[in-house]
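For reference, chains read A, B, C and D in written order, and residue numbers begin at 1 within each chain.
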Amino acid sequence: MASDHPMQLGMVGLGRMGANLVRRLMRDGHRCVVHDISESAVKTLEGEGALGAASLPDFVAKLEKPRAIWLMLPAGVVQTTLDQLAGLLDPGDAVIDGGNSYYRDDMARAKQLAARNLHYLDCGTSGGVWGLERGYCLMIGGEEEPVRRLDPIFRSIAPGVGSAEPTPSRTRPGGTAPEGYLHCGPSGAGHFVKMVHNGVEYGMMAAIAEGLSIIRHANVGETARPLDAETAPMRDPDAYRFDIDVAEVAEVWRRGSVVGSWLVDLMADALARSPRLDDFAGRVSDSGEGRWTVLAAVDEGVPAPVITAALTDRFQSQALGELAHKALSAMRSEFGGHAEKKG
Amino acid sequence: MASDHPMQLGMVGLGRMGANLVRRLMRDGHRCVVHDISESAVKTLEGEGALGAASLPDFVAKLEKPRAIWLMLPAGVVQTTLDQLAGLLDPGDAVIDGGNSYYRDDMARAKQLAARNLHYLDCGTSGGVWGLERGYCLMIGGEEEPVRRLDPIFRSIAPGVGSAEPTPSRTRPGGTAPEGYLHCGPSGAGHFVKMVHNGVEYGMMAAIAEGLSIIRHANVGETARPLDAETAPMRDPDAYRFDIDVAEVAEVWRRGSVVGSWLVDLMADALARSPRLDDFAGRVSDSGEGRWTVLAAVDEGVPAPVITAALTDRFQSQALGELAHKALSAMRSEFGGHAEKKG
Amino acid sequence: MASDHPMQLGMVGLGRMGANLVRRLMRDGHRCVVHDISESAVKTLEGEGALGAASLPDFVAKLEKPRAIWLMLPAGVVQTTLDQLAGLLDPGDAVIDGGNSYYRDDMARAKQLAARNLHYLDCGTSGGVWGLERGYCLMIGGEEEPVRRLDPIFRSIAPGVGSAEPTPSRTRPGGTAPEGYLHCGPSGAGHFVKMVHNGVEYGMMAAIAEGLSIIRHANVGETARPLDAETAPMRDPDAYRFDIDVAEVAEVWRRGSVVGSWLVDLMADALARSPRLDDFAGRVSDSGEGRWTVLAAVDEGVPAPVITAALTDRFQSQALGELAHKALSAMRSEFGGHAEKKG
Amino acid sequence: MASDHPMQLGMVGLGRMGANLVRRLMRDGHRCVVHDISESAVKTLEGEGALGAASLPDFVAKLEKPRAIWLMLPAGVVQTTLDQLAGLLDPGDAVIDGGNSYYRDDMARAKQLAARNLHYLDCGTSGGVWGLERGYCLMIGGEEEPVRRLDPIFRSIAPGVGSAEPTPSRTRPGGTAPEGYLHCGPSGAGHFVKMVHNGVEYGMMAAIAEGLSIIRHANVGETARPLDAETAPMRDPDAYRFDIDVAEVAEVWRRGSVVGSWLVDLMADALARSPRLDDFAGRVSDSGEGRWTVLAAVDEGVPAPVITAALTDRFQSQALGELAHKALSAMRSEFGGHAEKKG
């Protein structure tokens, strides 16, 4: 289904997300100019109908004014790319950072570009590897005018109103939120909302993971525990003799339950593929947004015990708590003569 | 669409959930005998096609053997009802407890009924006030035979396979989980899984609530803070000057985002009705399952920091931490001469 | 300094704590009859002036009526010992459980013994391997009469009023708390208070351990971090270039600081011995009381976020969160194609 | 007992802590020049032997070179005072910030002063209102030379080696930590350690407060609970019928127990004065250091679940979680038709 207002967009950064954004836009009739440091990435999309550019100057030259340029880059190279672009663009051009930049960087970058009469939009983009089909949820920050101008682009990238049932109590007419994209506020507001979105994601993921872990271990009463002073005795082993199939539990929770969610869908899929999750060692990365969310909660003085616990849990999975744990064992040894138990 | 195997079911307890279960079953062609201490509740369902019973003996008499009886009762009256029923039933009859009983009670009750050759199934039922239309997610514990016998009942209550996309990696043939109901294990296993489900629900709810709270308070930089030793200074007020519409944020997260979930749908609905949630004071009840989930995690020795934090947060909302907070203020007064700040 | 009221006490269980209790009592002029399944443990104390007993009947025979018997046994053998003793004792005799029994067991045991007109006292005993010199803090539950009768015993075991400065605001005359022992209430109250004491201990220990860990890692800005999407970038490496000697920090905190405590004293001692704590792997045991404290907080509905977090942290140190962490990695892989990073 | 090396020190800021530092120094034979915006504060200390100064220029003029100036000021006025002083001082002079500045500010200020060949030391000072008698624990950051030069000052302020038993395993000769003061590292290191010290303090305080709260509520089984779906039922009321005197518990924990600490001493004192702590409403302030400690833990990626939970708990006590709690009630209402329970 073609967009009512086909536009041209330039994309810098053709990793999985950048490439899929281009595909989704072209499906809707938009024209895309693409650039990446990888020539083959450019080639691939040329083969699908995009106009490739070999260099940033070439890329800029191929775009019609006022230009619209989307950056889909690792956080570490956004600033340098922006610095280069700034010298090549003309007043009125707009740059959208669709990656996971820190919203405070957005605020500084928007000022930097405004000094040259360039527009800068920060656009948090959620949807992961599934976005090509499902569409991407967009959380946008920046000035009104360029956000309005680029509306057809955002509309094509977003999932669209049909992708979920209408919210029954919603009476306010219009607005783009039901389409799956939202202008959240001035510069930084988009990535602020996306940052907190990821914090929420951490909390929801942890809740699901903990629940399944409690269910999997519902058979601990079957295991004999050592009878020593270093082991908490189990009072009711008979209450913990269930062998429950967590893969089926995740599957059943997908329908009709209060916890039904895309994350439960994904969990069910992962467990369908590998019921014991043996492909993973349990080292859970955190990539910045969770930390920033907690920093924001602390700065605001807002209690966020669940999101914070979810972040701390990731640190634990990365074994970053080792020194503290050694200190605990050392204190126990000091006051009680407790020797550490071997794993 | 009528069930392939219409059956008869007796329902005791015609509150919202019990009544809706009966309606959902009758829509599918099952016959229902209904009983409640409220005569009008019985009348209402008689008007919709059910067979009413004025007393438990009358109720039992109207059921064909082997009887199938579903209890949808407040936790506090399950045991007494069961005690009465046990004297009226015949070997081979089955009782399903569809409420929120503690799984350890199920284990005792199953034994109690087994002594009379009666079957007892525990069936965690999720779906709330929306289950009539969406179907209910069922988590079942108990013996194989009665679970199999009652399959048409469970199938009609559950949402059905069409209510969600298939799980892509799922290859195992059959199983009822994709229908939205699951035999989780022996007596107690159903309510165990439902209990943990509710623990997960606590965690997911808290993650969403905290996230929206952090977004709502993204404007704290606008508020002047008192410059006294009792108030943490704000270092970067300019980073917190966003007025973000949380109702629209909840709406936009419904489509394409990683946090997409039924709970976000409901949150968006509540905010559409009342953007400041002024109908609520913020006293969040907990009704048992969250506590039991934490007890299980502790008994198992499984870390559940997020679910636990969500439970603790509810206790905080109920102002149950007052004494501890007074003790903190008292210590601060002792060592630093700090007077308590007025709200 | 001899007790004003020398008594006779029987001690069953001559591990480190039992033996040291006997020594501390004998120093104060009390006479002790001792029994243990280890003959050599009995011999050792005979060599120091105690009267040894080879069997429980022999032990009971050697005690003057009304007998006073202190059990200092692993939790797992208290009940069987008590069952044996019950058949050997006479009305009016008193048994004190000085170990770490669960207070609910105390309540049952007190009833069991009361049926034979025997007294049962539960006595939480804190002091660890240092109690011989420092004295033990005693938290006692049970009937008034035997507690009063055994006062000279408790007084000799406790540290005594001179072991700390008087509490300035204390005006209430008398009471034994300033001596370091307290009759907390009826059966179970002693071990209840001791249980919570240990919960507090978990929280204080964790606070100290975490603090030292944050200080030790104050040099993370010196370490280059991989620039990939799986690693949270460090914004202010220059703010984290401190190499701080945590052993000296623990030592300096011992004097004049708000965190001054016996646990900080012990931490300083452990770090003086081994600045990197290389003797420990960081697997921190939990031996029941912390779990029970959290169960009590949940049952009471009282927020105890810090004590609960400290318990959860121990579970993490025991790697009991592995499945949950694998589930998190699995979800990340599903939605973002994130591969797990190797440690 | 006079210092072996009496020196002159200028003190700016004569609040309780500044004034007591001056008194403690003069007791040891040091000469103090004092300044404050309050004339009466200056007068009071003049009456005790200090040399008063009416203005900063007057203050600077009265100090011998190289000058040593201690600032004991609210965080909000340190920078302006420093800016004024910088213009009045001569190369080689040293300024010590003894307040609770953020360590990152110290790093910037040290650079600012170094540009004029002035020294800047950051000195975390713990001890509260009791420091005059007990001495203050000092955590110092900055260059070696001025720290060494000012050693007699630090030594007089600190509690001294006799204020605690020696650490048994300590073999390293020398060092000032056993005196109660420590040069922790370069600029910022002193306030960094003090910041974390306060984080530890938050955690320890919360552990004690939670424990006493669990003990106080050990009588919840005595209270009838409403039998409704919004209230978690109590399974074992008989296990919670203890009325325990928490004031006496705090007192007994002061001697011989593992949790023995200055904070428990203070808690016992507060409870001796007011057993129900009725002077307090339970609104617990946080004044920056706890927040900064959590930010540091997050930046470092170090798990600090207990300190973080203690900070979050203070936010809860300040009712900053209201919006999140309203959101939880709203979701419960949406999915379950649960009405909020009145307090």
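Odds and ends about this structure:
Note that contacts are C-beta pairs under 8 Å (C-beta built on N, C-alpha and C of every residue); 3 or more make two chains touch, one makes a residue touch a chain.
None of these values were measured; they are calculated from a predicted model.
Taken together, subunit A and subunit B share the touching chains C, D.
With respect to subunit D, maximal separation of chain centres occurs for B (centres as means of Cα atoms). Between subunit B and subunit C the CA-based rotation angle works out to 180°, given as a multiple of 5.
Annotation: 39 Å between the Cα-based centres of subunit A and subunit D.
With centres set at the average Cα position, the gap from subunit B to subunit D is 45 Å. Of all residues in subunit B, those that touch two or more other chains are 128, 206, 208, 210, 213, 217, 232, 235, 258, 262-263, 269-270, 286, 291, 299, 301-305, 308-309, 312-313, 316, 318, 321, 324, 335.
Residues of subunit B touching subunit A in their complex: 103-104, 107, 126-128, 131, 134-139, 158-161, 163-165, 167-172, 175-182, 184-186, 188-189, 192-193, 196-204, 206-208, 210-211, 213-215, 217-218, 220, 232, 234-236, 238-240, 242-245, 248-249, 251-265, 268-270, 272-273, 293, 296-297, 299-310, 312-313, 316. For subunit C in complex with subunit A, the residues that touch the partner chain are 16, 74-76, 102, 128-130, 205-206, 208-210, 212-213, 216-217, 227-233, 235, 262-263, 266-267, 269-271, 274, 277, 279-288, 290-291, 305, 309, 313-314, 316-319, 321-338, 340-343.
Residues 258, 286, 291, 294-295, 298-299, 301-305, 308-309, 311-312, 315-316, 318, 320-321, 324, 335 of subunit D are the ones touching subunit A in the complex.
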